[in-house]
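The two complexes that follow have chain A in common; it is paired with chain B in the first and with chain C in the second.
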Partner chain A sequence: MTPAPTTPAPAANSTLLEVHDLSVHYGYGQTATRAVQNVSFRLAHGEFVGLVGESGSGKSTLGFALTGLSKPPAHIEKGRILFGGTDIASLDAEQLREQRHGGIAMVLQSGMNALNPVRSIRNHFVDIFRAHGHVERSQWAARATELICKVELTPQVLDRFPGELSGGMRQRVSIALALSLEPELMVFDEPTTALDVLVQHAVMNTIIELQKRENFTAILISHDLGIVLESAQRVMVMHEGRIVEDAPARQILENPQAPYTRMLLSHYADPRAEVVELPGFADRQQRTANGAARADGATHAPTVSPRTRRTDQPSMIVQNVSKVYPAPRRGEAPVRAVDDVSFTLEPGSALALVGASGSGKSTIAKLITAVEKPTSGRIRFGDLDVGTLNRRHFRRLHRDVQMVFQDPYSALNPLHTVEYALTRPVINFTGLHGTEARRRVLELLDIVGLNPVEEFAAKLPHQLSGGQRQRVVIARALASDPQVIIADEPVSMLDVSLRAGVLALLEDLREQWGVSLLYITHDLLSARVVTDNIMVLNGGAVVERGNTADVLRNPQDDYTIRLLDAIPNPRKDVA
Partner chain B sequence: MTSTQAAPRGVDGVAPAGTSPTDAARTPSPALKALGYLGRKLGLFALTLWAAVTVNFLLPRLMPGTPADAALSKLAQNGPVSEATKAAIEAQLGVPTGNIASQYVAYLHQVVTLDFGISYTFYPQSVGELVSAALPYTLVLVGLVTVIAFVLGTLLGVLAAWKRGTWLDSVPTLVGSFLSAFPYFWTALLLLFFAGYVLRLFPTSGAYGPTATPNFSVEFLGDALYHGVLPALTILITSLGGWILGMRNTMISTLGDDYVTFAEANGLKPRTIALRYAARNAILPNLTSFGLALGGVVGGSILVEQVFGYPGIGYLLFNAVVNQDYPLMQALFLMITVSVLIANFLVDILYGVLDPRTRR
Partner chain C sequence: MTTSLPPTTAAIRAPLSPAGEAPSAWKVVARVASTVWSNGKSRIGLTMLAVFVLLAIFAPLIAPYGASETGFDRSADASAAHWLGTTAAGEDVLSQLLYGARISIFVGLVAGLLSTVIAVLIGLSWGYVRGFGADVINFIVNLFLVIPGLPLMIVIAAYLSGGGIGMIIVVVVVTGWAWGARVLRSQTQSLRSRDFITAAVFSGERPFRIVFRVILPNMTSLIVGNFFGAATAAILAEAGLEFLGLGDSTVVSWGTMLFWAQNSNALLTGQWALLFAPGLCIALLATSLTLINFGVDGISNPRLREGTKR
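On to the complex of A and B.
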């Protein structure tokens, strides 16, 4: 990399960025949303700082303000952002544009869409070179190749279009593009959030490597305290627009001061540990040994008894099931999404289905719910042969087998109230009508802990938080009084602090109602706390299975080990 | 400095088999891909063309009776029709002979040789002559104006979206939506009355002056252009607003896309961002509407040509329908179908050029 030509080599520990009493508002006056309030901090040359907070904490708003990318109605209400002694806010558009070379660069949250779909990767580089004129025309090709190699991609990628690259590759390209500006400060806004676990791990490693090698100053914005603690030297914790704690990473880990930081930390644990406890969850094995219920807090005992006696309900039996999709394009091999998978889901048990994206987890969910038909093998549920079920018998299956989807934001029709969303399945599956149906809907809301029920019944989805929405989705799945619930990544879209509550709810349903749970996830920690047994999938095939705690504590298969290694582990250095 | 070449392919670990894009051996070269795309589109075009031609053959035959029957039953209202009259009318209008297969073969042969028979209305001119005389006027007038309206409207839309909230946005948007709310013929009548009748700036009808003969001389072309101004203006005024609004709206949405924000974060020049990032992507959905508009060039000009007495396809079609001129109608309907197909084909090719995602 050519050294940044504008500034002489800075002395270590000299201030690069100084934010002084910064407030960023959306809108003006009394009704303004105060996204960032009175934030002050200093950043020295070469630091790697993490900025952590849950959704709505203002961390991205702060990131956009720092990079001069705030768009109306967001605006800097007061305060200064001094970068190299100049106030960012005082620059006009052209000055701001010019300072982006050798200044502040940003890698966006949804790196998947950060590239122009109709422009080749090479042209993305050329656009930047042309805009700043910092690379000789004759050097364009060489420089682009050099940059793309820095992020561990091959030069062939340059002649491809964004649509031809995987999510992880696109995010790498974004990083290479930001690097091409020879920035002093890099702001990474949730750079790996939309990526698969293993890819996420690989991309984070690249970022950490690059930061050490290229020696730029970096701010890593993330909702995941684990990722931040693993990579950053210093961590700022943001909550409701304020920085509630700003300390070295080790200190945050060992001696967190702010209650909010302590709360965030409490939701992290190593799934490999002997004893795994989360807020609201005592260790599973101890629990089952003592026959005792959950430790404290989040316990919500359903007040309603199940309608069905589940003493001798059938198991879901999957035998040697494969699903092969035809080749996506001519000349390619057919896709074997599920490869000879067998398992039995016993009544009242909880089975985790774990794997990275593309491992076939969701396809199995589709097969069990008869959305897709298996290419070979059998799926039986009681006297139903799920694999060959025709449409007329779907209702019988779906009365007993229900799904909870990953994204609570798109699983509810935004135009209908919660009551409507729950009334439909109640009428369809239980035959209740009028006031009886309504009473049942309110019961369901009570079961999932949305109190006061009357109030929640009348709400529209956008008036609910993510966690509340997911509870509605679970209530909807319960409406038919099912025996099996398939939860496909039910908490992956939720903030950490909300996850435990939803998981505890699933646990309650299983323990007190005898509902069996197929828990599909890539999150091994949550698998450890809610399930008894686990199956690890890779490329559609089961590579490892057994007792959840045993498998995670003592993994045998290489793939399982890689999955475990990919989990951000803040305590890695300490241990 | 050294660059890391290690583990270039499997960095992201779990790229599912068969979709690894770095695998150069598996993907054909861009030129081959483009050729494949063109071939597929051409094949599809040929297939739909054949289907359209066949439907055009079948439809009239699915209707009960023949043109001769219709003419005879009309005559029969005024008294009995003699055998001689009947024979004469059947000879004039033609009665299908042979089985349907041989009719089909004969029909295909006629289509290929562009032999659509003799027009009833403009007897003894052949349908082919009539159409080839009218087609250039429509193609040049309506076709050219449609293209101009699209280009101009798109440019104004880009400007409006880029300068959102300024007068460059509000004026074209407001005027455009105001003008496009006018019906075609109303605008045409207003123009005729003021520019043609009151101010006498432009001729009020025809494609050329009464004394001119169609040829490629400068005088004639100038005369034709002069006659074309008012109809062209009508079409431009009524269609421009739609293009402005369409482009403005899609571009405002692409301006909010992540790649535009990222381009800004990378300090690209505003012009590059506006044209190569925002506008370039915003134009894609509008191409579909453009294809529809192009396809409508031949068939959709009836009102304008009627009001201005402009001797194009629309004018011809109107006369054919009014006079129950079956051979002419059949030929025109086929032409309208074919022109829609050609327009769609062209837009498909354009998509292939502009959007790499379609070239699979």
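On to the complex of A and C.
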């Protein structure tokens, strides 16, 4: 039976959802992947519960099982999911469809891509009203308007098409669509992960407001403990298919029990604090204080004296560079991606380039590596004029300037072994061959900490975890013994626990080898721990620059302050 | 979480084993074969193709008479001696059918292979280069795409008349590569923007190597699919040209069988098998290749593997 929408709201604290000893497997028998194992919990009416775990912890599999959306080969091995007394798993497709009204709704991570591009937003609402028939035809327009206003959009949005809306607006629309069935339980599966930092913050606030106002029960699935602690009342921490901790948010924050929860918490810090320490990182200020006395401002020397062979390496000098892309459509203004940016990347120093998406930070990386040509201004590296570099001279530039990519999953050719991926740049840049080249490849793997090296050399990318892949990408960047490494959001695709390792590796490389680092990110916390200087970009122009710690502790520009505010900070209430 | 950096001079003392190689070619072939075989439709297609190939190879052993052996009753009906009857010139139809399979399969495979090779060479380079070079290739490919295929084929074949099988292969290849090139070009362009291609540029790879060693292996299924499609088209085109009398009509093939059957008004004399048998064989051979392509789709895209979804 589906709970009729007309029934009066049950008293608070009554159980809405009960999960009994649930196991979800992919595949059958011995070879099955046990994604969710023996999970039990209860949800009371009106609760806002967070479900946190890293990738592969089974949190999304659990979410899909709760909503009856599990797809083969995933299947419920054992256990029961009781929603209002009915076992979800026992419903057939049609009952499940009816149950969606007044039952369980889900908002997906890629919800912004879940809209049909050729139908207007209004039609999306009408489709749902028609399928369930719970709204009078005469009320359709009014109800759609009401829903769209609930997610803080204007009614004009109803007549637009998905392609005309931004990612944040589309995610709001999909939340409104989920609300249109008056669900008692909303499952949000990483609702803001695919969004830009600033938008993420705003959408999250909308969800929290909505939950308070509409008083539905909500499960927020996320990899980000910060976001969950900020919004949920109760938090369940998932690790390797099991719930390792289930406690009120405040208790998780102040007195975490499970070692895994403690580990996750240790990776959060406020970038504005006087002293910022992460596992594996002492505070930068203290480290520099121990080193040589440093000069002021933007031109201070590298913290650790680089090796002798690095003493006379050139700086990367960027002077008044602009990049204008032609207008996307006729009648629109050309896109000014980078606007009159100048900076110098001193040998051995680390510079952070920070901004929300569309701020031009990745375009700057492309300009520096000669992938794109600047519209005006000059980029010089030693005697190379990067701005006008011919394709034929790419090798000369790439011998010294290498790149670490954002997405380790697409940066390695799926068909080539790690050894092959590393051998190519070794052969191309150092001229080593055969056994010599192989020795160098194994040495590179050793440098990035992939031991035993022989074993890793023979692996294919899909046999490696995200963190291991990113280490291979870094090893490949090191193959030419470069002087400058450009890291474009190197940890944004990685789990929190893997981030610190990769960041520490970049840091070590810089200190031991005197490599200069251009660190592109939207994550101010990681910028604080790995860089000396920072440049904040907004709309292609530099709005603030200076010593990283100084800027973050004492932001002057409004945009920098907004970026800092957007960082989830579980300790905000506590402090 | 700390990554202690081992001293870089740490000699790798472990004995150096022979350089680890990319997954060996045989493993890849075995994986591709098992994926194709696991699809029901393509299993039927492979079986049909195997039967045709075996019949063609062993035609001299299986065929009751020689292909051009005349001297039997003319235009005879089916009998125990001649299962499918005889032609107007007094040849055994079954024997001609078996020998004819050799030509059809040979032309299909060779022309399919050649036009795939051309499509790969042009499509991949076209997808990778930018600027003036790409525009030039674009113009040439479009030229071949807008000219109607059959008339062009007939014109070229008439011009090269009397060239026999070789001529037919040339005609089929010249008119058949452009579609494949366009499909492969779009896939190259989409792969080109992936990070690992940019990474290959950063590794100092030259464009030629990027195109043929980095991009090409990622398009195996598309290329194999393109080959089967091109082979199908080649078999049909070969039969069509010979039916029109543009080939060497003394060669025994399914196409020439149809040509002679039409010439001798086989249907009017009630010899339906003479038209029907080669026509059916052409259709079945083309169908078998198309069925195989269903399985090929699943090689690179697991979502297309049938039977895995509900």
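Throughout what follows, the second predicted complex is superposed on the first by the 552 of 575 C-alpha atoms of A that agree within 3 Å, B and C clash if a C-alpha of one lies under 4 Å from a C-alpha of the other, contacts with A are read in each partner's own complex, and residues count from 1 in each chain.
Here, a residue touches a chain if its C-beta (ideal position, glycine included) is under 8 Å from a C-beta of that chain, and two chains touch if they have at least 3 such contacts.
All values derive from a computational prediction rather than experimental measurement.
Contact with chain B, but none with chain C, is seen for A:F161 once the two complexes are overlaid on the shared chain.
By the touch criterion defined above, A:E443 lies against chain C but remains apart from chain B after alignment on the C-alpha atoms of chain A. Using the contact criterion defined above for the overlaid structures, shared-chain residue A:L69 touches chain B, although it does not reach chain C.
Legend: residue contacts after superposition of the two complexes on their common chain; A:A131 is shown touching chain B, with no touch to chain C.
In the superposed model, A:V203 makes contact with chain B only, not with chain C. Contact with neither chain B nor chain C is seen for A:N38 once the two complexes are overlaid on the shared chain.
Once the two complexes are laid over each other on the shared chain, residue contacts for A:D407 go to chain C alone; chain B is not touched.
Of all residues in chain C, those touching chain A in their complex are 1-6, 8, 10, 12, 14, 16-17, 19-23, 194-196, 198-205, 214, 217-218, 308-310. Of all the residues in chain A, the ones that touch chain C in their complex are 71-73, 279-280, 369, 371, 394-395, 398-399, 402-403, 405-407, 410-417, 419-421, 423-425, 428-429, 434-435, 438-439, 442-443, 446-447, 449, 452-454, 457-458, 460, 473, 476-477, 479-480, 497, 500-501, 504-505, 508-509, 512. Contact residues of chain A toward chain B in the complex are 1, 67, 69, 93, 96-101, 105-106, 108, 110, 113-120, 127-128, 130-132, 146, 149-150, 152-154, 156-157, 160-161, 163-166, 168-169, 172, 174, 177-178, 180-181, 196, 198-199, 202-203, 206, 327-329, 332-333, 335, 356-359, 539, 562.
Residue ranges on chain B touching chain A, taken from their complex, read 1, 3-9, 11-19, 21-22, 24, 26-27, 257-259, 261-270, 272, 276-277, 280-281, 284, 354-357, 360.
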